[in-house]
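In what follows, chain A forms one complex with chain B and a second complex with chain C.
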Partner chain A sequence: MMICLVLFLGGCSPFMESHLTENNLIEEIAPVIFWSVNKGEEGKLKVSTLVPPLTDEKKRLNTLEVDLLKQGEKGFNLTYYREVKTGQLRMMLINEEVAKDGLLPVITTLLVDTDVSQRLYLVIVKGDFEEYMSKQIEKQENLDYFIYRMLKHYEDDKGEITVINLHQFKNYLYSPFLDPLLPVFKIEEDKFMYEGTAFFNDDKFVANVNGIEDNIVQLLATNNYLDLLPLPEQSVTLGHVQANVDTKLNDLSSISIKVKLNGSIDEYRGDKDIHDYSTIKEINKEAKVYLEKKTKEVLKQFQEWKVDPLHFGTLTLKPFEKKMDHEEWMKHWEDMEIDVEYELEFEPLTNIDTNDGDHLTH
Partner chain B sequence: MFKKKGNDGNKSIENQPLKNNGTTITSDALKRHLANMDDAEFIERTTDKEQKIMFVYIRTLIDHERFNESIIQPLMHHSCDLIYECITTSKVSEINTMEEALSQLLQGSILINDPIRNQWWAVLLQNPLARGIETSETETILYGSKDSFSEVLEQNITMIRRRLPIAELKTEKFTVGSLSKSTVVLMYIDGLTNPEFIAIAREKIKQINYDMFLDSSQVATFMEEHHNSVFPQFQQTDRPDVCAYSLGLGKITILVGNTPFALNAPVTFFHLFQSPEDYINRWIVASFLRSLRYISFLLSLILIPMYVALTTHHYQMIPLQLLFVLLESRGKLPFTPFWESFLILGVMEIIKEASLRMPTKSSQTLGVIGGIVIGQAAVQAGFASQVLIVLMGISAIASFLVPNYLMTKANTLIQLMILILSSLLGIFGIVLGLIALLIHLNSLTSLKQPYLAPLTPFYWKDWMDLFIRGPLVNMKSRPEHLRPLKKWRYSQRR
Partner chain C sequence: MKTFPLFNKSSAFDGIYLVFMLSRLQMLYYMLIMPTILVDPYMIWVIILVGAVSQLILIMISKWFSSEFAAKGYLGFVELFGERTVRILAFLGLGLILLKLSVHLLGYVEIVHQFIFFSMKPSWLIFFVLLISCYIASKGVENTIRYSVIAFLCTIWMLFLFIPFYTPPIAFLHDLYPLIPTEWSGQSWRGLLLIMASFSGAEYVLFLSPWFKRDKKTVKYFSVANGITIFEYVFLFIASLLFYGANYLSKSSYPLVNMVRYLQSPLFERIDMIVIAMFLIHFSFAIGLLLLLLYGGVRIAGGNQNQPTRIGFAACAIVVFITMIIMNELLWKDHSRQTKLIDLQMWIGAATYLLVPVVLLAALKRKGRT
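Now for the complex of A and B:
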């Protein structure tokens, strides 16, 4: 009796339409793990997804041109015998062209959908993902799952690529001093490869960095750690690089950034004798100069793009003081002088004599 | 309209008490009472002194050898004046009424008539027919004592008395059952067990009014307060060490004649998860095993309902890889997850029940056929998914971890209830089912004591021996929820 009362009062009766008791018999639904959004013709959206197979069925890529994202979901249901469900959605692959127009509509749609987990990974794609997927599906049946596992792996095991989920993106988007960033993947023939980190002005994709610049962003902002940091100009690869970043805002006109890097020299392919302590000192000095230069360049670019992905704006926050708004901060940030200083401390490749009393620090 | 009309004539006969008249004993009266009893014998012997003595007994109930040795021979060649003096056995009593005579006869006594004094004597010479002391089959343990109760009440009392050789261990005897005349013995430690428990038990036993009691569980039925619950309110055990331990904690023990199962009360829900081995193992190991039992109990309740809930309502919660496997395997099946589970659960219960009723060797074969062949075949024939078979196996094994077998049986019914709820309401249904279960458990009592103690009401000191089994040296006091008269378990302050 009491149970019945609780059920009906709670509106959880199986006879009423209720979110709690939605009929999701798994053999009748098609839980998709990614949506891909591209620009279609005449301002439309091109949405695609891979439908997981039932027995004796091949995995298939469904693509529809629609005006609204949810229209795509509905469209799939009308053309496919199983209902497409987004409860297991793990990735949202957004084409850079769509991202340039602004991600707010996409993000809002995803955020209000209670089925969609906030741990959904957002990825910017350069190139035609649908075409790539339809080609690759023959060769790699579980490609969508592998991409998801890759993102999941690097989310837990930081140090290679930038991984941002919906929850983090939303927080960046709605915080005044945190400009969002996302990973960018590029499609080259039959390869789907990580390119770098994309930056956003509000919800609009502005530009992305790659290579050493991306590594610097990861060291300074996202991960503070890199498994490997190759510096080809110095013919050296640094490993297990741990960054300790200390930023100081000097009266809104200049900012000084001190970065302390710890790690080891993992590889050297230069002409000098790596067993000589003076060579190590020299490599350290060169790396320091190079990193300082590159960091300054990256930060200058950020100033030009009017983005602050490293969240320097938070330095303006003081207790009991009115918060500066985003526009005001951007005005200051654009003209700010930047001073970067690196301090490198690396274990040499092999045991060497350091008896001259000098420590490996610059 | 459909009510059965009572037959007044028959009813009056049924309700009549069996003939028990208090008339004087005569051989004719005895013969009348024992008419048509093939095993009732009347023997008349003449002694060396030309004295005619009559023996009346029921052949199937007495020990013939001892009858010859301790009664016939001494009486035939006696030199004493009184018959009573010649009998060389200790259990001789004088009887005066017919009622007494019949009662003694049916207990295995031999009635002897002294013609000089016209006096009847009863000599108890019961047939010692009984099986030996064997190991417990229902509560097996690896270490610890191996003996278990048998059908002989006296022997069972002996086994407990040997473990508690103290004068405070009291045994009160009652007879219940108008037909079975079963002996019920209430045991407790005077000055330790709460007198309230003893009084309640005594009162309840006295109030029992029924015809037959073939097992202690039937006695328990008449003593418990909640007849419609699946949970046992008396701990039924055939282990004397469990009874002795329970008595030592401040509980009462009820032994019933002709059954090897004793009843311990008041019992709590958590007592059903305790095994005698808990107090033999190292405390860390014992605690681990005990927690494992609780987890297994919960697993056996919700594993299958969880499968149904996830595959019917909450596909979002299934790990991705498993979801793909389930999608593929469930795609072939004709049944919904609920009916699939219901069917397999039904088959599983049939196999379990069948293997219990079969002889040991056959039941092993049955287990193999049932478990492996049917399980495998069910998957191949498209009746059930592999995932369900795996879960069903885990669930069935987990349910056997509970030491109390009655509890294991109750498990299936609770599981079924939660299964139905989960198919309708998903995880919400499971939670609702568990809440209902908790409410039910909270409302139960055993000998009018709360069933969920020491959880509700809360006795924090008793938690030392609840979900874990603390070190014995630290378990200084007896459980507070049993309100024993002697709190401390040590005799001298340490």
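Now for the complex of A and C:
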């Protein structure tokens, strides 16, 4: 549809501004679906993308060292016979080193470009993505597309990873009470895997959490749902965990967080008798203590990092009061007392013998 | 030569057409830039408040509609003010109509240029939009009034597009806080002015009173139109607040179009293109109506009592086209001048909306006494 439209307009040359005539013949353009930005030498940026994204040609990774992001786009056009177009850009993979210096320049460039969709996914990458990509492309041809599908899947179907798009990130960035967060992926030899959630102070990448801590962040803030929550220390995996979070700000010196978790016990590898009701109660209690301890630790860390990714600052907003500014809120947040309470409720076990396992041994 | 029945009256229109006409004339270009200027959540109350003021003005205008002078059209005005004054007022009105027309036309063209035809010359876009509007206008006042139904139906459904912005994960109640003004700045005054100007439109409808049935229900139809407009403005403004939050809203240009762009449809990726194209119907109705008023005004100012001619109308349209091209080059392309032009139209739109009905009613009162 778009192409027809563009072709039609291309034909009507008297209507076009002569110096602006765009030729979007599909054979002549390369609508790339991701940019990857890394730090180059001497303050330069290393920009790369995979071409061609559409046709059957053998894919290759194009990398350039540039001062400006858009210079990369221009540079590709000089080295590659198709014109690179950003209309289908779906992902921006940003290296952690670049993110530590601040994301604002990158975000501004993306926001200014009217071709770029606000649904563009932003991802922080740890490790050398270019190297991984050029190696992996031999084995997996549509790797860039698969990564996009993965993010898209978990945006709609919550429960595993944090997914943030350009629009959300930009809103977080400009709001005084919403500190941005982004997913972090790391590269380990030939694996590109989700690691956790990254936190930002203004536009600068501060730190990230992973494992159980990331799960807690997802339960409390981003998703309120987890498909699986493994707790290895209790030898138990909880499934379909739904969180009801009730946060209360008692004046500005303490905050109490009550989390109600609903779900089921999906796996147990401990040596206690799972069929016994009291065992389940015990597991429940252990998990509760463990989660409370972990959550407090995570929140303490946020206070140390001076970030508020769980957006507690929004609790200070009242319908009939003036807004606080960011600095004032951070001052309160830094030495706020935190009280965490979990309440776990799990469905009884099904599909197994609940009396005893005796008849199995006979 | 065949007659050109531009201003013929074959039958009196039912008041329901006033609903369609007024509600569309109240939702033009300002709707698209409104959230950027209002920004703060408490402006919701200001919209409702100004809507109430607008309701009072509409009651005044409906008084005019039920007066005997209104049914006579031009002659009624002459009886009220005298021919000389009417001609001077009509001449002044030409400038006002041209200004209103230019802001809405150039504003719409800029949106089309920015979102759909980026590499097309804006002059061509102005030409095409005006051509369509001229075609509609050339069908006469009656058909233009009927066309308002199409304009209404083609745009009102777009409200449904904004429902997703009211649901999680986008919507958070705290985006609407604080609900009361904590400070009142120059920007707030500008917002107030913009809302006032946005609600204007009825001051142009009152010149069409001879085409409508004289009945007591006029005020009811006006109220329905005004109610629809208040609802639409509040609904769209809250949606944009939920989507952007007050902090980013002022930085976004054309927030509503960008919001539609954010929506995803499995069939068509760029819903904003359909929406902007539909707005063409809406804008061509408003511009067509303004063209008719302009041509009528020219004839009154020039004291021409003959039948309207095709050549006269075409000449009028060509002058408008040339004016638009010049304004686009000189004023609209420069951002600061564009802001000044928009501000000027805000002042004039708000002022005419307040003054025209007041002046008319005062004249009616004076006439009634003597």
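Here is the rule we use: the second predicted complex is superposed on the first by the 325 of 362 C-alpha atoms of A that agree within 3 Å, B and C clash if a C-alpha of one lies under 4 Å from a C-alpha of the other, contacts with A are read in each partner's own complex, and residues count from 1 in each chain.
Note that in this section a residue touches a chain if its C-beta (ideal position, glycine included) is under 8 Å from a C-beta of that chain, and two chains touch if they have at least 3 such contacts.
Bear in mind the structure is a predicted one, so any value in this text is a computation, not a measurement.
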{"item": "Touched partner set for A:K85, first chain B, second chain C, both or neither", "value": "first"}
{"item": "Which of chain B and chain C A:S175 touches, first, second, both or neither", "value": "second"}
{"item": "Partner chain in contact with A:S117 - chain B first, chain C second, else both or neither", "value": "both"}
{"item": "Partner chain in contact with A:V289 - chain B first, chain C second, else both or neither", "value": "neither"}
{"item": "Partner chain(s) touched by A:E27 [first = chain B, second = chain C, both, neither]", "value": "first"}
{"item": "Chain B versus chain C as contact partner of A:L104, first or second or both or neither", "value": "neither"}
{"item": "Touched partner set for A:P52, first chain B, second chain C, both or neither", "value": "first"}
{"item": "Touching partner for A:K323 - first (chain B), second (chain C), both, neither", "value": "second"}
{"item": "Common interface residues of chain A - those touching chain B in one complex and chain C in the other", "value": "2, 20-22, 117"}
{"item": "Residue ranges of chain B touching chain A (in the complex, touch as defined)", "value": "311-316, 318, 320-321, 323-324, 326-328, 330-333, 336-337, 424-426, 428, 432, 436, 439"}
{"item": "Chain A contact footprint on chain C (complex, rising order)", "value": "114-115, 117-121, 124, 172, 174, 176-180, 182-183, 244-245, 247-248, 251, 258, 261-262, 264, 268-270"}
{"item": "Sites on chain A touched by chain B in the complex", "value": "2-3, 6-7, 12, 14, 20-27, 29, 31, 33, 52-55, 85, 87-88, 90, 115, 117, 145, 148"}
{"item": "Contact footprint of chain C on chain A as seen in their complex", "value": "1-2, 9, 15-17, 20-22, 114, 117-119, 167, 170-171, 174-176, 178, 314, 317-323"}
